[in-house]
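One chain, subunit A, links the two complexes that follow: it is found with subunit B in the first and with subunit C in the second.
Entry: the complex of A and B
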């Protein structure tokens, strides 16, 4: 059994669709472990049941996935926009590169949800996370907040992008515990593993499959022509193969092979490789680039990165509009930000619900949000010595 | 006589009155400290002190009477002969990022209030996004 699984789980260190992109998670199994155990002749009664067993479960979890991807964006943007103009070029570039990929992931999750007849909900108050708070679907082991660029915030970002623990040694019972019965997920990678296994399971157990072959449903896909500004490949999802490709794109960009990452001697780095988020953030924290012969175990040993931890607006952590009530002009600006943010969510909602061309219209709003956020970070919060910042609250 | 209030606070207050932008909008440019230093560097010590002494008087005498404050500013600060035209220079500084013909700072062009006042954006900076010209204004 392990031979078969090992064949599936090991392979090249770059992604199949893009030889430049580091593939940091083992490829998702082409078939669920349940199928593999069956192949090995196990009794069907002993097979573990996936956590996600029904189409409704699957839709619910994919909605959570959309929420999860979105929930990482405001924290990353606060760190990015707190960096003072003209300083920390490398840090800004790294954080920005991660943010655009999180945006892509959000749309990819919505594409999968649409492909199976779901309707992503993005323009509701409940969609907007409360900061500080836990990531949607997580095991609540760490808190994420809206904070300025600092070693502490980058440390939280590393936790967000932390690699999955390795799949246990393909022991059905352990696999059952880890993949199918956990009440929350330790890592984003685990969460998507569970979703992928759920897709396989529900698809197999639904006559005709769950991917709807209907032009009206196909029209709900966001495709490359609607998507501006890179951050990777948009994958329109019409089939289980597309869904797998989309999930590999999400997970591959995010995190590491598994939690043996710190000990791994794999040579993953080089000029032509696009590193996963975890390593990009780690370069910042270590203030050093990865060099060609580095391994996760060695850590980055390449050229130093100049990180100026001081050239940062002293944004108050996790601000709320409530904090600004004594400064009416500031309050107006903060509300303007929130209105634009809410408008943007509305545009993205429309884009993911049958009007994909709406996504382009969101671009002007994204720029507006950027300028408003940097403006807010220049406004002192009374005599506190702290600065205001965007609060990312729902304001229809 | 030295002004009672920190001239930096007076600079903020008078800038709000001279430019028509509120203090959050002025801070939002990120230029407040830079402009304050430029003002100090380009103004004789005596003129600087007399100007802010006058500003303080105008503000105190007309507290909560915006009409009267505006009248006082027009008659006592805005004449080209008043304080070497300092009030006019402050307006020019906020709107264009220049002191006279000199650019104060690399950010000054981008952050000039002139763009907001004209409801446009500084060409080559602060772009509104690809394709945005095809859409009605937000």
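Entry: the complex of A and C
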């Protein structure tokens, strides 16, 4: 048993492919859940079942993962583009770095889904979340909306990126509760742990495994050739090891830490370390960088960050195209934004469905979205004292 | 105060200095770099690097004339050349403004950047290798001089340079005149795939590739090929190297194998600059740092072994009269770049490297009365002489899509004609008429003067700017002893250092090329239905020349070369084939100044290859 414990509770401290990024997450179990929870003398039939136990379950949850990753992007972009040009450079840099990593996570989730014969769906109306709303697959404990950069919106971002609670002292009963029976997830990390366990389980119980070794399927992977600028590594998924690496990348970048955020005394920070989204947002909220000797418990005590909470376009929260109907020019622009956004989703859909080179074409659209969003945020919304903003609605 | 002793003291943090510093520090040697520019510019990480670069970009946006040095600080205590200030010195008159003292007869119209990262901050990024015959001009064509090293000698160092810079290109496209199958190694690929050629290049190539042109009674078939460039694109999965390492046992530098090539993003974060975005402002500044600059190399140095002293302007090297070895480098450390107050300091090391640009290197040597047994220090100043031709295309070609230049015509880079006139390369430029006539600003001013405004003005600009075609003939200049850098106590800068005095002219071997190139240009314009609008103005163009009754204007390419040439003996050259001074065995020179001839390649790639060669030679000697 101690070997297994070691496998769960230890591991290298950096992520494969990027020695600078700490692998702050708990290493995912390297063995199948059946064996993990094998208690001496117990019958296999008595063992707890994972939440995700069929290939269809798995595909459905991975599609949710793609949706989940995407659903964080419009809120982050609204905050980013609401920052007035030339101000808040640190805040902009931090939010931008998170956005591009969320895009990476979305593609990584799609890669896993493709590797097991699924087909990511990205260009449908249902794919686009309604704001304000809950994150796909979440336990509905908080609402996410399209809002300008503010302490309140950063606070929501912190909730999105909140780390998982720590693994309890090894106890099969408790672990089973935590990992297998929770309907809806408190954190994104928990969700991916359930997916990883599901992958292990279904792969082990499927003759020949679930990773399809076929050049036609391999061609559906988005590789380093097509994807870049994410800070992290794109991982093409051909095997269970690749899937694990991809999930570690996602969870590691997102929330990061193998402990509760308030209690850990681990020294995690420093100039050359790329730390998780949660802590980057926390730096903004605290208006201070983490210093090398800081711990999650100490909070950031390093150099102050100048955050100008006023130098922000006063974008109306959760705008809809409907709100603009009395201002025809604004309406046209907002629709143009939505058309470009929908077009971009369509390109990403194609890229994740056998035409990875389509991603390259998305670059121009991403710039167009940025310019249009900035224009929208400069247009007053009637006499309300508020400004318009992008609505991120599906508009084919 | 006793100063610290280093293994190597390097003057300048441009590409040569950075390559040498990186290679030596990673091989465990202690290195000091003396950099004349400001401390802010040396920031290599995070917010500091971001902020200083954003400052450069803002300065560029606000500059009325977008000349190559426009984003970067011009310091009174370490002045940079300003290409807008190249008026000739008139006898008996107060010297006109500008760092260079232009004695003429023609003004020298090129600049370099004096500050952290050097001229790679504003370079275009073209990374063509020189051709085998460029190294043996005397033996093959009875012109110029031969190099003491061959293309084959430099080839492994070219491969290192292409890794270091991160070259994007397609080796299959690289057909140049006069090269054999061994020019690139078998199966050689660049680290990254080629930058997509611009829309305009596609249109021009359609009617220019394979076009037959006649010049001086001979017919040539033109070709249009993609240009390798030092800016990020898609990594080539077949490229198998990641770094350059010092092999202690074999006493050689070599490429180290790796699973994949990772391109180098911006200094400030990993989220920016992994691909060229086609912003088209490569010169003077790439807004996302997808274009290579030397600070990316310096960032890879072993920081434990490296010190960089900024605000440190070198004035003189000290030489032991008896053994002729360099004993130290004197420099002036200013506090405020606008004030003359400074501290005099001396840096000491086992070996010294001057990598401060061709002009500064020559100036420092002359001021120190060093390395000059051959009387070649400062002589043979060269540049590519850029003759531009411009016209309006019938079809809209849409310049400014993509980086500065993605295609070139290599046909006249080598051939028998070099016995008669200089070779040239023709990049197809992607910047409309901005260079010769300051488009699109000048188009807007002219239209407004004609009463256009609003939509009519926009429509007019859309009609005109989108049809602007610029061809570019970069003529190789020969080394000539009277084209030279000198010093004169009458001309000094704010710190009391010498200003470079430039003597410069162009002889018939090059003028004949202007004539030939214009004939070729006419035929290209005709084949492409381009209406020629080229005007060479004898009054307003500083470098206006006449050949056989016909006027031509050339411009500077920013390729400052040749002022401390390498050669075969201590009587014909300043450095030997190892780039060590003949006169001082612990003084190496680095940079374009070592090049005996220029060829038709933009010189940065060759300079980088030479810098790796210098680094190897220093490691052998230490």
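FYI, the second predicted complex is superposed on the first by the 371 of 396 C-alpha atoms of A that agree within 3 Å, B and C clash if a C-alpha of one lies under 4 Å from a C-alpha of the other, contacts with A are read in each partner's own complex, and residues count from 1 in each chain.
Convention: contacts are C-beta pairs under 8 Å (C-beta built on N, C-alpha and C of every residue); 3 or more make two chains touch, one makes a residue touch a chain.
All figures in this text were calculated on a predicted structure; none of them were measured in a lab.
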Classify the contacts of A:129 with the two partner chains as first (subunit B alone), second (subunit C alone), both, or neither.
neither
Once the structures are superposed on A, label A:361 by its partner contacts, choosing first (subunit B), second (subunit C), both or neither.
first
So, does A:228 touch the first partner subunit B, the second partner subunit C, both, or neither?
both
Now for A:96: first (subunit B), second (subunit C), both, or neither, which partner does it touch?
second
Looking at A:198 after the superposition, I want to know if it touches subunit B, subunit C, both of them or none. Which is it: first, second, both, neither?
neither
According to the stated criteria, A:376 is in contact with first (subunit B), second (subunit C), both, or neither; which is it?
first
Who does A:300 touch here: subunit B (first), subunit C (second), both, or neither?
neither
In the superposed model, does subunit B or subunit C contact more residues of subunit A?
B
Based on the A-chain superposition described above, do subunit B and subunit C contact any of the same residues on subunit A, and if so which?
228, 363, 367
Taking the touch rule as given, give the residues of subunit A at its contact with subunit C in the complex, in rising order.
89-90, 93, 96-97, 100, 224-226, 228-231, 271, 274, 363, 367
What part of subunit A is in contact with subunit B in the complex they form?
85-86, 228, 327, 329-330, 332-333, 340, 360-361, 363-368, 371, 374-376, 378-380
Residue set of subunit B touching subunit A in the complex reads 22-25, 27-30, 32, 106-107, 126-132, 135, 138
Which residues, counting only subunit C, touch subunit A once they are in their complex?
45-47, 50-51, 54, 234-235, 237, 260, 263, 265, 268-275, 277
